[in-house]
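Next come two complexes, and both contain chain A; in the first it sits with chain B, in the second with chain C.
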Partner chain A sequence: MPRLPRHRHFRAAALALAVIASAFAGPAAASEQSLEYAVKATYLYKLAPFVEWPAHAHDPQTGTIDLCVVGEDPFGDTLDRAVAGQQLGGRPFAVRRMRVLDPRARCHVMFLGGSAAQTADALRMARGMPVLTVTDAVADPAAMGIVNFVVVDGRVRFEIDAAAAAQNGIAISSKLLDLAVAVHRGGETPR
Partner chain B sequence: MGSHVDDRAGTRSPGSGRALHTLAAAGCVLAAAASVAAAQTVEDLARLSIEELAAIEVTSASRRAQPLSETAAAIYVITAEDIRRSGVGSLPEALRLAPNLQVARLNAYNYAITARGFNSPEAANKLLVLVDGRTVYSPFAGTVFWESVAVPLPDVERIEVISGPGGTLWGANAVNGVINIITRHSSESQGVLVDAGAGNAERKATVRYGGDIGDDATFRVYASRFDRSDTEPVLPNDTVPDAFRGSQAGFRMDLGDGDDAYTLQGDIYRNYTEFLDQTLRGGNVLGRWTRQLGPDSAFELQAYYDVKIRDYAVAYDSLKTFDVQAQHGLTFGDGHRFVWGGEYRVWRSLFESQVVFGFQEPEATLSVGSAFAQAEFALTPDLRLTLGSKVEVDSHTGANVLPNLRLAWQVDEAHMLWSAVSRAVRTPSRIDRELSGGGILVPAPDFRVEKLTAYEIGYRGQPTARSSLSVSAYYNVYDDLRTLGSTNGGLPFQLRNDMGGETYGVEAWGTYSVRDWWRLRAGFDWMRKDLDLEPGTADLSGRQAAGQDPRHQAQLRSEMDLGDGWWLDLALRRVGRVPPTRVPAYTEVDAHVGWQVTPALNLSLHGVNLLDETHPEVNNPATSPPRLIGRTIHAKLRAEF
Partner chain C sequence: MTRASGTSGIWRQASAVALGIAVALLIAGVAIAAYNERAYTMQRADEASVQARILAAAVTAALAFEDREAAQEYVNALGANPEVEAASVFDAAGLPFVTYARTAVLAVSSADGFAGPAVSPADGFAASPADGFIDVTAPVVQGGIVLGSVHLRSVTEPFAARLERYGGIALLVTMGVLVVVVLGAAHAALSRANAELRQQASALAEAYQKLKAETEERERAEEALRQSQKMEAIGQLSGGVAHDFNNLLQAMSGCLRLIERKAAVPEIRPLIEAGRQAVDRGAKLTQQLMAFARRQALRPEPVDVEGRLRGMSELLARALRADIELRMELERGLWPIEVDPTQFELAVLNLAVNARDAMPDGGRLLVEGRNLTLSSDLGPQGLGPQGLAQELAGDYVRLSLTDTGQGMSAEVLARAFEPFFTTKGVGQGTGLGLSQVYGFARQSGGTAHIDSTPGQGTSIVLMLPRCLATPAPGGPEPASAAGPGGGRRLLFVEDDPVVGAMMASAIEDLGYVVTRAVSADEALALVERGEEFDLLFTDVVMPGTASGLDLAREVRRLRPAMPILLTSGYNEGAQAGKEFPLLPKPYRVETLADALANLAEGPRVVSS
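Our next item is the complex of A and B:
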């Protein structure tokens, strides 16, 4: 069967190579962040519409919704990129990072990184404050936030401690509770 | 040769959308990053609802976080969010979102869709389509009857579009591409959903209810109805109505119990168009059992039964499919993966023609058995070699071997290069082998499989933190493509395999986040064909099997989140001129504006094909009069509670 002249093969290959080479012209240092943490960072602000804070939780001065990362920060700039331009009810999100929990800092959502002991300490300090505490795949019930990320079937899901939410005076919508893989309502030991 | 020629071939196609899941979980490279590719950056994730976020796969079963892109194939993923924002009311319209597909609308109900060329209502026989692991490719005609594919669009989780051969995993007829349509797990479609739209070209509504049964089981049921208007005729004496209407209903139940997961799902549909008085009806039921055998090993067993009937003025065509398949995947050693499995399928076809063209024996049974194995070796942490083959034996053509070899090089965290060599085949359809009539056409019992050897190279990555890019180039060598020859230099004619040659092309797509609230997406493909006939032969069909392909198509989309729940998307699409049919090039603009009134309520307005009142996309005078595709405006409401 007649075949295409050989030089046309080279032309096709050369074109393909040129396209691929051009893809490398000017590669910037892309930030390495696993998809898992990109999803978790996105959750941190997407949880907010399903949470109702008491009125005193809002700072009339800044009017931001404050996402605090306490302890070890697994997100890097992913979290800043995630919340950039996002807002809820006209109020933009702001990211604050602190090595240890500063009780004077205003936080609406507080992600607790670091060891289980550090997390448990921070949770004790945050108890009763109008803050949605979030922990990352913690197994120890004492170190579990109101929202605790878990990976189920390769997907990032979360458990909710409704009793702890009530202690902190925040209301969580039923839609979010429905989406949780487990809801702890107190009386029971989580897990 | 006549109107009958619904050309096309048919046969098996193991693997599956959900199967893809298990394959991924258990070890298939091709699958592993497919779901990941759906949302590559945190900016992309911003578009997802919280339910969609909960559905993103972030790790394989080995609990190893997936790198952002590691698939050694050209995969584009259409997400649920893409479908929602574009307001599309049908599966073929949703497929226009994939830059690596060519979608051409013939009339109100019919489409020609392919990847990497050979498109036309006659020639689009090289694309395999699966809905939740169930093939909808017809072995009777070697095509997908898009008017009979019933998919609950509002509950589609994603559509994976792979351009390039997929024979090793999916079997015969995955020649130029594979489409996996994957619906949501029923736990991700809970509550009431109302999705309704109305406009000048289509009215459509879907209602779904999802709930749970005890702690471990969830279900959903849905019903849907649509009504499409006539398309505009080209010829003055063409008064045939082609308006299309139909309804469908279905269910899905999922039960998770420790390491075991069970799914049972089914659909029924009935569609009708006055054109040729066609009624399309059918249904399916599918069951699947997945067992996690350990952290690095999973087994899946799936079976389904599917009935499709096309009852129209000149023929009755019924196809019953029974399919059972099993596969096992595991990871071993230092990041190596292995997946293997088998499948058995029986097709019962009945075709009763009222006209001169038909089959001497209306009934036929085709059985197909296959086994495949594929291993992925991590040669170094950055270099992965995939090696696998399927052997498929069918009762008509015997054994077909469908190997592939893939190499992926993760240059650094942001850039991957890949290459692949694979073989794929299209198996003869009943029409290819058995159609005859009128002393004009005699059966072609020796019609052979059409063969492809494909060479691919590609790049995927993130050139900058705010952009993603995928580029693939292919060089395809085809042999034994269908032609229409004469037996003794005159009548009668007979279908033969006298065409072969090469196609080559480039596909590219990418995204760029201009601002956090503004994304641009672009897609482009370019293709050339060099097909020729065996010396001394002729193709009396005028190379119909070569398809009607534009040399290029391109799209540019802008997606803006304007705040307060408002969004505005604009799309510019261009499809080049189609040389054999002289269908002119067209450029169109689509505009979509939406408002997320509350988390539960979304309203949107969609304008499609805004630049021209009408335009032609594809023409097939042998089977239907030419029609023009018009400008459409429609409003949509989506409420979830």
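Our next item is the complex of A and C:
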């Protein structure tokens, strides 16, 4: 089975256009908005299978894969429905929501939904910890998580910062990298 | 033939084995084809499942994050494999995510077929081969999370193409079967041909054996014929000589008689007596010769064999020695035979004497008699050459005399019946004994032959024809004393001048008045002329238009009361002997005197 190398161009302009369009969509766009976040909620837990955490990242007592939503929660119960009954490597998913990042909290996947500044702070705090940080359509590279959702041609896609993942000590499957619209590797993108 | 059938049984088994091998080959061929087919299908299923797994692994991310473009690329990439007919990816809800189909028609059918996952994703993997296709389903799993499933439809080689592929094997198997069958058939045919050949060979051998036996039989018959012809020739020769010799002896006998009467010198009496004895011996010899030549005048009459032999036992015992045991084994109710009793007795006596001479150290003589019926188609054992069987068909009394003596060698056996052939020393035998036996048997309508083994004994067998008449009881009558002629007139007919003259004077000496005639015609003329005669004494065989027998018949017609006496040296006299008294030649004057005297008395005896 030939594996096709996938080359993606960074299309920031298109992404911005999509964000603006969604911001001014009005009531008709509200359902579209919720559909988009339902997809994102699904993607959030679906990222987990493509990620490898170091052994110490798992709590032997709870044995859960923890999905943390920090700051504003755009998903509502869609995230809880998406992970309901799902298991990863025998571990069930658990959803935690927190207004600000609690450094003691154990998180495997962390969605940062606050402002860019808050997100940047949280990212700094999480740096070096075995956490897959996810941000939603952040344009500022400093506030960009390891995975950053973007909308391309009306479809939800994502960028991956492989260097940040390496800093956090987690490994991201090449399959996921293949699918990313952009992959930042060490040195390529200034932090 | 049993061997042949046994061998053909083996060949039949061989052909059965060949058939078995052929069937086994066929079965093996079919089994190999089936195995290959199954292995091929399984291999294709494995290949398809591996491709499905690869596709499932590749499309995980694309499926998880709904990147149809990427997934479609993965799926379309499968199209590079010509064996992949269609491929589809279904999401976790079982809805088609992306689909690839090689042809539009198949796309529709695959869309139908793939409307839902054929298997639940939890099953992991499943393959379902249909005709021409192998459908494979594999789950798309990442990190234990089932993201969806992948369906792959792979074409298998069409059945016709596979059949073509198996054609090679089928051809080989068929060739093998054909070869085996042909070999088996050839073997069967060969074995049949072999059996036929063997049969023909054995039939040929049988035919050869039959031919050989027939040839031997023919040789025996020819030998018997030669022997019989030889005997016949010798018989004719000796018969002719004996007849002439007999007449000479007759003349000599008469001369001696005359000399005795005319020259009354006592000194010559012993000489005359010696001469007479010599004539007697000569007469006996010629008699036996003629017996062999079947020219003797037989007087056959019905004879009771048992009575005859019992009556002879005293005579036989005297002829044998004390150290020889005589045994008679005669079947009860032996048929009568028609033979000359005197010749019969002479034959038995001859055989007894021969047996005695063959047993110088004693032994046993067995006289056997039994009734025997010969059929014309078979020559029973112990009856001599088979050629005689035809001639001898009928009822016979078989009389055999078996001794325990020296036996005869083959050379002796071949010549034993010949006259003057003897193994005895000079002066001991005449060589005419067995020839008399043979002549007697043949002349009596029978035959004689010899069975002999050197050192073990000899058996001489007489086959004498049965006679239906009843034999007259009693033995031979004793000859009455001679009486004088009494001056009776006697017509004497004899063609031989010497014999005639000599005998006429001898008869005159007996007191008869003799009138001589040299032929039957002359004698008849005398009778017809009215000459008176009391007796007629005539030879049978004479030159002229009438024989002595004709003369006798005519005279009987003319003068029924006139006694008639015939004489003959030939067996032509035998017929005459049945009608008239017959005096066999040669005869002595005394015998003639008795016969004439009996003849003169005869009518008186009958009338009284």
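The working rule: the second predicted complex is superposed on the first by the 156 of 191 C-alpha atoms of A that agree within 3 Å, B and C clash if a C-alpha of one lies under 4 Å from a C-alpha of the other, contacts with A are read in each partner's own complex, and residues count from 1 in each chain.
Following the convention adopted for this analysis, a residue touches a chain if its C-beta (ideal position, glycine included) is under 8 Å from a C-beta of that chain, and two chains touch if they have at least 3 such contacts.
No experiment lies behind these values; they were computed from the predicted model shown.
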item: Partner chain(s) touched by A:Leu88 [first = chain B, second = chain C, both, neither]; value: second
item: Partner chain in contact with A:Arg104 - chain B first, chain C second, else both or neither; value: neither
item: First, second, both or neither for A:Leu35, with chain B first and chain C second; value: first
item: Which superposed partner A:Val151 touches (first chain B, second chain C, both, neither); value: first
item: Dominant contact partner of chain A by residue count, chain C or chain B; value: B
item: First, second, both or neither for A:His56, with chain B first and chain C second; value: neither
item: Contacts of A:Ala48 with chain B and chain C, given as first, second, both or neither; value: second
item: Chain A positions touched by chain B in one structure and by chain C in the second; value: 1-4, 39, 43, 46, 49-50, 86-87, 90, 155-157, 175-176, 178-179
item: For the chain C and chain A complex, residues of the former touching the latter; value: 51, 54-55, 58, 60-62, 64-67, 70, 73-74, 77-78, 80, 142-145, 147
item: Chain B partner contacts - residues on chain A that touch it in the complex; value: 1-4, 8-9, 12-13, 15-16, 19-20, 23-24, 26-36, 38-39, 41-43, 46-47, 49-50, 78, 81-82, 84-87, 90, 151, 153-157, 175-176, 178-179
item: Touching residues (chain side chain B, partner chain A) in the complex; value: 25, 36, 39-43, 45-46, 48, 50-51, 53-61, 63, 65-68, 190-191, 413-415, 417, 457-459, 461-465, 469, 471, 473, 475, 479, 500-502, 504, 506, 508, 515-517, 528, 530, 532-535, 561, 563-564, 599
item: Chain A residues touching chain C - in the complex, by the definition given at the top; value: 1-4, 6, 39, 43, 46, 48-50, 86-90, 155-158, 173, 175-176, 178-179
